[in-house]
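First subunit A sits with subunit B, and in the next complex the same chain sits with subunit C.
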Partner chain A sequence: MKRALAWLAGLAMVAAAAAVGHLTLTEGQQQSPFVVQAALGDPAVGRTFAVTVEQVRAADAVADAGGWHAAGNWVVVDLEAQARESETASILTLIELRVGEVVYGASERPVSLVDTPLSVGLPQSGSIAFELPESLTSGAATLRLGRTAEDRLDSVAELQIDLAALERRPSIELRETAWAQ
Partner chain B sequence: MSSDPAGEKPIAAPSKATTDASAKAGRAAAAEAGAGTAAGGGGWLGRAAEKVPTKWLTAAVVALFLAATAAFGGLEPVAAQGPVEVAAGEAHEGPMVSLAPQRAVLIDDFVEGGASADAEEHERVLVVIVDAVNVWDRPVGGLSTEFRETLRLQPLPELPAEGVARFDDGTIGPDLQPGVPVQLAVSWLVPDDAFAEGDELRLELFDHTLHTGQSVTYGEFWDDAALAAVATLEIEDVGAGADAEQATP
Partner chain C sequence: MGAVTGAGPRRGWWSRNAIALVALAVLVPATVGAIGWQEWSGYFQGRHPLVVPVEPGETAELAGATIGPAALVQVPDPQGFDAPAGARVLAAQVTVVPGEEPVGCSRPVLVELPTGRRWEAEYAPMGWRGELGCYEATAPVWINAPYLVPGDAGPFAVELELAHDGDERLHLLVEQP
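Entry: the complex of A and B
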């Protein structure tokens, strides 16, 4: 009887230890960003910023209002963005497109909303362009927007994109960054 | 005199015998104790422990270690792997970027590529045109330390690249996006007597190792650059450059 009890208690402790091991959040989970799911046309409100993604298209070439243009496999995001409480350091520095494990950054080649300081209450309209490898025209992608490239424990707006379903144009001119109408 | 070792022996021998005997007795006692607790379930363990030939254990471990060492080549020095020779236009694929140096150009000034030389300081600019592809899974900054460390001039190994620009649209310090090929102009400010037309430039290509942050560091970063390949390019001296030639009638 005593022996059976000892075995039971031992097994129970092993099970409890396994449960604790499985249920405890990993460091990555403990520090993961607060994701705000965005939808086309709806504002996604983060802690320090609010963005409204208006359309996402693909193009074989892009141009900006300044005359720069380049061929390639581009994904162009048109959006409005504004700061929420402060205009200090209000640039969206996390602008990336994730396809599986691979992360593509917003292209700095055209003049775009990249590196534009946001204003409180006055949304700005503009575009962001991503340059992808030629062969990457299908698959699930995630657009991620956030205040800092260091996204741990801060809000990140995420929009799910199906690359194959994007409207593809021969050429797109990026919006000039301006106050939204 | 000779009786001393002889006299010692008989004493030494019994003492060894007694230690053996006492050890045996001790083990027997332990076995007995094990048997005594057999009612509690530990008896078989004691008996199994008794059978382990502790005398040979150390020797066996040492033999195993030596055998493993011998299997990996013993104490023979490992053949050092020298850097690979890369021809102009040939790509060297590193863990972070794939680089194919195309040609080397010596020019008076290259402001548009991010390297502004001071002629009074006897500086000129050495530009290497290189086809690059980021083979990592996130963007690599063109002016980042790790990227600039991948390309070095053999005669001036400590000299970091001054400018990195896209060859097509002149973007200075472009980000290299994963899998997107790009032609770059990488430039160094060099003493004007260091290189001349027709010289062979030995361009060293370094590979980094990807590290993952632990305890006080976080994220992934490239470090520990090691020489992996050397490209040989013939230097072309274009003087003040094509634009300047067109500008001056």
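Entry: the complex of A and C
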């Protein structure tokens, strides 16, 4: 009887240890960003910034206000953005489009909202553009916007995009970065 | 009756453990001290500078320099600034008088007192009077730093920090424009 009890207690402890091992969050989960789900036209408010994605379109060519233009498979995001707390290092450094495991950074070729310091309480309007491979015109993508490329334990605004459902234009001119009206 | 062992009287517990007790008396405070120093030194090195408030119209001494009085004014003719509708252009004006050593100071930051929101100085247009900060100054400097703020923001304090003196930063309280 005593022996059976000892076995039972031992097995219970092994099971408890296995459960603790499974239930404990991994380091990645413990440090994952605080995702703010964005919706078209609604402000997504993070800890240090707020963005409103106004429209997302696809184009076979883009141009900027300075006359630069290029053909390609582009996804253009028009948005408003502002800082919430401080203007120190207030650029949206994390601007990426995730398609499955592949991450596309915003193009630095056109003049856009990329690298624009955000102002506290004064929203700016502009565009960002992603240049994708020619064949990538369908599938689910996630637009991710954040204050720092190191997104652990900080806010990241995410917008789900269906690439196939995007309105496609022959050409789009990016918004000139300016104060939002 | 217990058996009597040894010839002399039995030594007490305290005297039998004297060496261990002395070691404990040394090691326990040493351990507390070492761990405490390790933790607190990290705290003191990594903490934010102490914020020292300065009343409106007053001056403050910091690292030998005299700072203040400070004022915050609305820029009457903000045409040189690309300000959005509804925004205000304010200017923080602070006098910095160096002591015996040359003085360097950061650009002042405008801090909204109720929320802690912080605005950095804008680039000033051509013809703007005054400095945005000071660098190795040996003569008095008149800082006149412009800011773009939303129309409904405020009240503000002007925050100034000296180079080489990261322990304290001044919150210069001002009359609101």
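Odds and ends about this structure:
To be clear about the criterion, the second predicted complex is superposed on the first by the 181 of 181 C-alpha atoms of A that agree within 3 Å, B and C clash if a C-alpha of one lies under 4 Å from a C-alpha of the other, contacts with A are read in each partner's own complex, and residues count from 1 in each chain.
The criterion applied here is as follows: contacts are C-beta pairs under 8 Å (C-beta built on N, C-alpha and C of every residue); 3 or more make two chains touch, one makes a residue touch a chain.
On a predicted model such as this, the values are computed, not experimentally measured, just so you know.
In the model built by aligning both structures on subunit A, subunit B fits alongside subunit C without clashing.
In the superposition on chain A, A:E101 makes contact with subunit B only, not with subunit C. By the touch criterion defined above, A:G121 reaches subunit C but does not reach subunit B.
Chain centres taken from Cα atoms put the angle at subunit A, between subunit B and subunit C, at 90 degrees to the nearest 10.
By the touch criterion stated above, A:D154 is placed in contact with neither subunit B nor subunit C. In the superposition on chain A, A:S86 makes contact with subunit C only, not with subunit B. Residue contacts after overlaying the shared chain place A:E54 against neither subunit B nor subunit C.
Using the contact criterion defined above for the overlaid structures, shared-chain residue A:E173 touches neither subunit B nor subunit C, since it reaches no partner.
Here subunit B and subunit C are compared by how many residues of subunit A each touches, and B touches more. Aligning both complexes on chain A leaves subunit B and subunit C separated at their closest CA atoms by 18 Å.
Considering their complex, residues 84-88, 119-122, 179-181 of subunit A touch subunit C. By the touch criterion stated above, subunit B contacts subunit A in their complex at residues 41, 137-139, 166, 168-169, 171, 174-175, 177-180. Residue ranges on subunit C touching subunit A, taken from their complex, read 82, 84-85, 87, 116-120, 148-150, 153. On the side of subunit A, the complex with subunit B involves touching residues 3, 68, 70, 72, 101-105, 107-109, 130-133, 136.
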